[in-house]
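A, B, C, D and E label the chains in the order they appear, each numbered from 1.
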Amino acid sequence: MRNRFKFMAPFTQKKETLFLIIFALGIVLIPLFVKNKYYFMVMNIVGLNTIVVIGLNLLIGFTGQISLGHAAFYGMGAYLSAIFTTTYGFPPWPTIALAMIITGMVAYFVGYPSLKLKGHYLVMATLGFSIIVHIFMVELDQITGGPSGFPGIPHLSIGKLVFHDDLKNFYLIWTFAFLCILVSLNLVNSRVGRALKAIHGSEVAANTLGIDTDKYKAKVFVLSAIFASLAGSLYAHYITFISPRSFDFYYSIQVVTMVIVGGMGSVWGAFFGAGLLTVLSEILHVTEKFNIIIYGAILTLVLVFLPEGMVVGFYSFYRRRKVKTLIEKEGN
Amino acid sequence: MLNIDLINTYYGQIHALKDLSLHIEKEEIVALIGSNGAGKSTLLNTISGITPPRTGSIRFNGVEISRISPEKIVSQRIVQVPEGRQLFSPLTVLENLELGAFLRFSGESRKNIEKDLHYVMELFPILKERREQKAGTLSGGEQQMLSIGRGIMGRPMLMLLDEPSLGLAPLIVTEIFNVIRKLQEDKTTILLVEQNAKAALRIADRAYVIETGRITLKGEAKVLMENEEVKKAYLGKDYREKRRQI
Amino acid sequence: MGFYEQILQFVLTGLTIGAIYALVALGFNIIHNATGIVNFVQCEFVTLGGMMMYTYYSLLGIPLILSFFLSMTTIILLGALIERGPIRVARSKAIIVLVFITIGLSSTIRGTALLAWGPDNVPLPSFSGENVIRILGAAILPQHLWIFGITIGVVIFLQYFFHRTLIGKAMRATAVNRKAASLMGISVNRMVLLSFAMSGGIGAVGGMIIAPITTTSYDTGIMLALKGFSAAILGGYGNNAGAIAGGLILGVLESLGAGLISSKFKNAFAFLILLLVLFFKPTGLLGYGESERV
Amino acid sequence: MGISEVILKVDHVRKFFGGVAALNDVSFEVNRNEITAIIGPNGAGKTTLINLITGIYPPTSGKIVFERKTISRLKPFHIAYQGITRTFQNIQVFHNMTVLENVMVGLHTQTESEFLNCLLHLPKVKREERQVAEEGASLLRFFHLESKSDWLSSSLPYGEQKRLEIARALAGKPKLLLLDEPVAGLNIRETEEMAELILKIKKMGITIILVEHDMNLVMGISDKITVLNYGQKISGGTPEEVQKDPKVIQAYLGEE
Amino acid sequence: MKRGLLIILVLGFCMFSSGVSYGAEPIKIGAIFSLTGPGAHIGVAQRNSVLIAIDEFNKKGGVGGRPVEMVVGDDESDPTKAVMALRKMVETQPIVALIGPTRTDTGMAMIPTLEKEGIPTFMHAGGDVIITPVRKWIFKSPYRAADAMERIALYLKKHNLTKVGFLHASDGFGKDGAAIVDRLAAKHGFEVVAKETFDMKDVDMTAQLTRINARGPRAIIIWTIGPPMGITTKNARALGITVPLFQCHGGAEPIFFRLAGDAAEGVMMPSTKIVVADKLPDTDVQKKKLVDYIKEYETRFKDVPGTMVAYGADAAYLLLEAIKQAGPDRAKIRDALEGMKGYVGLSGIYNLSPEDHTGTTAKDIALVKAEKGRFILVE
């Protein structure tokens, strides 16, 4: 009997609506209690990471395809925004959309052949791609400013409202993060979302049920790249300075870790992972050199003992206990 | 020699062997027959320690072996010749044979092993010719011979043969069954799993018929050969009665 | 220096660095063949090889040769420890989970190395002096000869090990067919343990022989290992002859590219090759078509 | 039953894997609204045949015609849209999804919302979702799985997973359903239930191809049987004909 | 934070025991370095250098009895983290000025915040982009790369070496140098016959050097910091290149000898005088300050200070001097810095002005040569 009740579905849609409301309230209410700009900056970085991680989670957690190249898409969003607005004077908002389109197209050309590969071949293809993009950021210094970075990116604005401080950017970034969570939840609980999960479950079976697996994988890859691009653009306009160092291989590993730690295949897990690890790395700041060790140890331990991720892992642990007590009650 | 007592084995969620018991005496050939999916290979893998039973006991010469690892079971001299040959195809014929004697290299003199190598080469002269060839390049029959030869190299007291005739031309099947008989003469006990029931029953001393994880019939091979139930186990009873009811 | 001497110089230096890529690629292969995973800790094997050698030789004053073997042993033990610990304990045996466990371990070990040795690069003396040797107008150092020599030594050793010793054959057998191997009485766990230990040893050797030329630090292994991986893919992942060919080809192409075309995109080049191979011929130059196996 | 109409035609199909013939020149026909069983000893090529029909891989030569349309070069998802779905020998239910969701995936070909619509959750999607959920629930009722619709499918017992897989395949409203060993691993009672279920599905007007080792089942419910051995068709006909065919007896029991 | 706390405690204890300014509230200055990540090998030394300067300052009585306290942050060599570390510092500590960061990119990332908040900052970063154009609140202590290279150019001119090969890293510092060398070539009449680049993580630059060498340069300038200095030097020697070899003004560090080994012999580089302090004539105004500082550094950190330490210390000395003059007021400190004239630092005589936020010139720079494991003054 123990095995039969392994666990039930983690979340129901009703709960998700509740979470969304709490989440939105949180965004509105937090500024009433927090005044420290540094905390806002941390939360803003959490927000940006959340956007990237949610997109990546659609790819990794739901569809089961691993990418170690999302730093490249994040960076492309940032650099395209920076270059078009600062060097060529394009208006920022259309530029962000343009960056998303260009990044999406590049993702398609990389993704389509890559996604035919399985397992670690895909990992290495995306990793290789992101290293190449990084080298271009460094070497095309006429355009990108090279390794010294790209300064003087304008803040975003809507009419007279300029998003020039941490608080205003907090609202901006978290509004986008909220929208990303919302559309991701929509997607997950839909025909397409089910198709993606089916691909994760069994690609062959999904295919025989009428799901064009190659197309769906490529599309979700593109979608996740577009999310990353959006986050990158917001980052560039928020910090107003970018350099290749922010978009290297380590960033890719970092966001994948957030997906894994938070829990694969759960939109809220992605948010949790991004929040936990960003804040954690800020707290670990004081430990200086231990930072990297602890980061690695968390990834290792979570994977060794809770391969479903922390949110899903603990949740299913809780459910298992609950189900067990239910069975015991019935038994009596 | 081998005593299996009320074992239950699960294959994932499938309850593959249900309260199954059987026994094998020294130096006999026991055939285990039944259709596909009846649980024959699972039983061999359970004996070999690859899919250990959840309950029940397996005793070999009085020693409980149902909870020990596959390599320990091999060191007890129980060797399985798996279904579908499972050769190390990029390795040469000679290397495959050597690996059959893997555990013996640490405890025995090389001379003994060499002697068995000659024995195998005598049994299957074709292997001698092809000793430096990669196993993957052999024909189906040669591969089956190599697989059995590799098993012999483990110097088994009990040899578990899983479908040695599968996919082979009749002439080669005859040759292989002759070798099995020869092995028995050389004092190897054999548990033979076969779908080719007639061939198996011809050389076996005793036989068990297995159906959906249970032993449904057992007895002297000669007796079973005449039993109509055996035929039904393969080709099915008439279900028409049932159908009309629906 | 004339044009042909330049070419020769590029080829020679390319072969040197290619030899290191080949060693790293071999390390990747051994573990891949035994377990099917990409072991990111390979980066740290290379790093730690150099750093342990520095510790034994420069800090503790142990003689060079002894230091060499001591470091190798240390990393071999580390490799075994990694298998015996997290990899074996892991609740999920899904390949991708194991791969990410090695990523986590890699970063933990790198952090520990930073803590132990600090961020600075440290030097190692050449094994036998630094007098330039001229070959047809191209210049190389004695250390380059050591690199060639030791790489060839390792390759010969591996060839011997895998084809002449029982354990080596058993490892190959396990790579081909785990179930059959355990039916022969071969302990699969022990073979996997051995494969981690061996690639640790090989990675360490790579790290030690390149260190006198490049100096070494807590994170030198990353780039070397990633390019070593590209080399493995180029040659055909899992194929040892391919790893050696892939390493040497990559090293020479990189060197020629940097020398004759432009040094700007030299590193992009290695990864471009990786992408092209993955897209158009994922089995690599000499692969067995094992990409299907995953 | 009247004159039977051919729904699927397998025409001189060959499939080689690296020089080895898994199927060699196999031809047979399947009549509409009949149960056609494919039997044969291990390694006879039965599953290969199913994989060819559902497009998992293309035949080396020959062709497969479904309702007058050649499908032998189509991808699996195209074939699903033609009205052919299947189950698998080793169950392939989506373990990461609930029971209901599994069936809802089965309705993929019956719905059409794509990425953009789904992201925005347009009213059309809402309507479709409601409809899909209802259809899914009614299918689960049919398969007696409704009480477990919120369970993760991996938590179901084996027999129910088998049923779920068939439910999922049926959700695509197939004209032809291929069942690969539907009773393997089931006990006798479950096997009998499955037999009833298969006959019920047939009554719904669905043609069935059945690959099965359980001869009791095969002989009991099939209308036609095709027997394969070594990748070749060695016999075919009604169960009674096949049961008596000496070539079949020899293939199964060995030579006299 | 623990470390910061420890420093506060230790400092507090020192003050208590020496009886100086008991109870006086410390003036806080922020300090952000790359203590981890790729810039760490410089960042750690710089933190040490600043510690000495501050302790020395406090021992002399601080600002009218108030001690100065350093609040340390780590930017992990990452621009985002740098801004976060700064933001945190600004929000949680009443800092009057900032020292650091170590790298050019982290520095650039921090500039918008620093300018907006109005925090006088003395950076340690090498890149000239930081002070070009001159920014109101930003100063930098290392020599301008252009000045350092000019020092090399003067040598080239004097010895009539007109063909130069240039090899540089592909990071910000290296690329900066690549632009400067072209300007100087025009100014001083030499020709750049070859220009090659490498990645900071590369382990072999033989191909690039072979290419340069094939063009027949009379001298080769290598523009990079850190491990590649050793590798390039070794590669060049291994190729049998005998023309004068120059490294940049960040190279005169004890580690250079360890990295380059025997190949170091004869390599020249612009440097602060800290590496040749004992060989300076007694008339040199910097000599006493240098010798004292070296002694203190060696006893405290058991390490020989290199040229980076001098840059780090000067930033602290200048800032502390400005705080002493102006008191704990950001705007006043900035004005005081800009008015600093003739300040004798470890790296040279600083003359800061509204047009010049570095304050040193090519004249302050020594050209040194590696010889038998030490640096000697070339001329």
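Simple rule for what comes next: a residue touches a chain if its C-beta (ideal position, glycine included) is under 8 Å from a C-beta of that chain, and two chains touch if they have at least 3 such contacts.
Bear in mind the structure is a predicted one, so any value in this text is a computation, not a measurement.
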In contact with subunit C as well as subunit D, sorted by label, we have A, B
Where the contacts of subunit C and subunit E overlap, which chains show up? A
Just to be sure I understand: going only through chains that touch, what's the smallest number of steps from subunit A to subunit B? 2
Work out the mean Cα position per chain and let me know which chain is farthest from subunit D. E
Greatest Cα-centroid separation from subunit A: which chain? B
The pair out of A-C and A-E sharing more C-beta contacts is A-C
Taking each chain's centre as its mean C-alpha position, how far apart are subunit B and subunit D in Å? 33
Distance between the centres, which are taken as Cα means, of subunit E and subunit B, whole angstrom: 77
Between subunit A and subunit D, tell me the centre distance in angstrom, where each centre is the average of that chain's C-alpha atoms. 39
What whole-number Å value describes the gap between the mean CA coordinates of subunit D and subunit E? 74
Residues of subunit B that touch at least two other chains are 13
Indicate the residues of subunit D shared as contacts by at least two other chains. 157
Contacts with two or more other chains occur in subunit C at residues 114, 264, 267
Using the touch rule from the top of the page, what pairs of chains touch, sorted by label? A-C, A-D, A-E, B-C, B-D, C-E
Which positions of subunit A touch subunit D when the two form their complex? 4-9, 12, 183, 186-187, 189-195, 197-198, 200-202, 204-213, 219, 223, 265
For the complex, give me every residue of subunit C touching subunit A. 37-38, 86, 89-92, 94-97, 99-101, 103-112, 114-115, 226, 229-230, 233, 237, 264-265, 267-268, 271-272, 274-275, 278-279, 282, 291, 294
For the complex, give me every residue of subunit B touching subunit D. 11-16, 35-37, 163, 165-167, 170, 195-200, 212, 231-232, 234-240, 242-243, 246
Where on subunit B does subunit C make contact in their complex? 48, 50, 69-71, 74-75, 79-80, 82, 86-91, 95-96, 98-100, 102-103, 105, 150, 154
Interface with subunit E, subunit C side, in the complex: residues 1, 3, 6, 9-10, 13-14, 16-17, 20, 114, 118-123, 125-126, 130, 132, 134, 139-141, 210, 213-215, 217, 220, 222-224, 254-256, 258-260, 263-264, 266-267
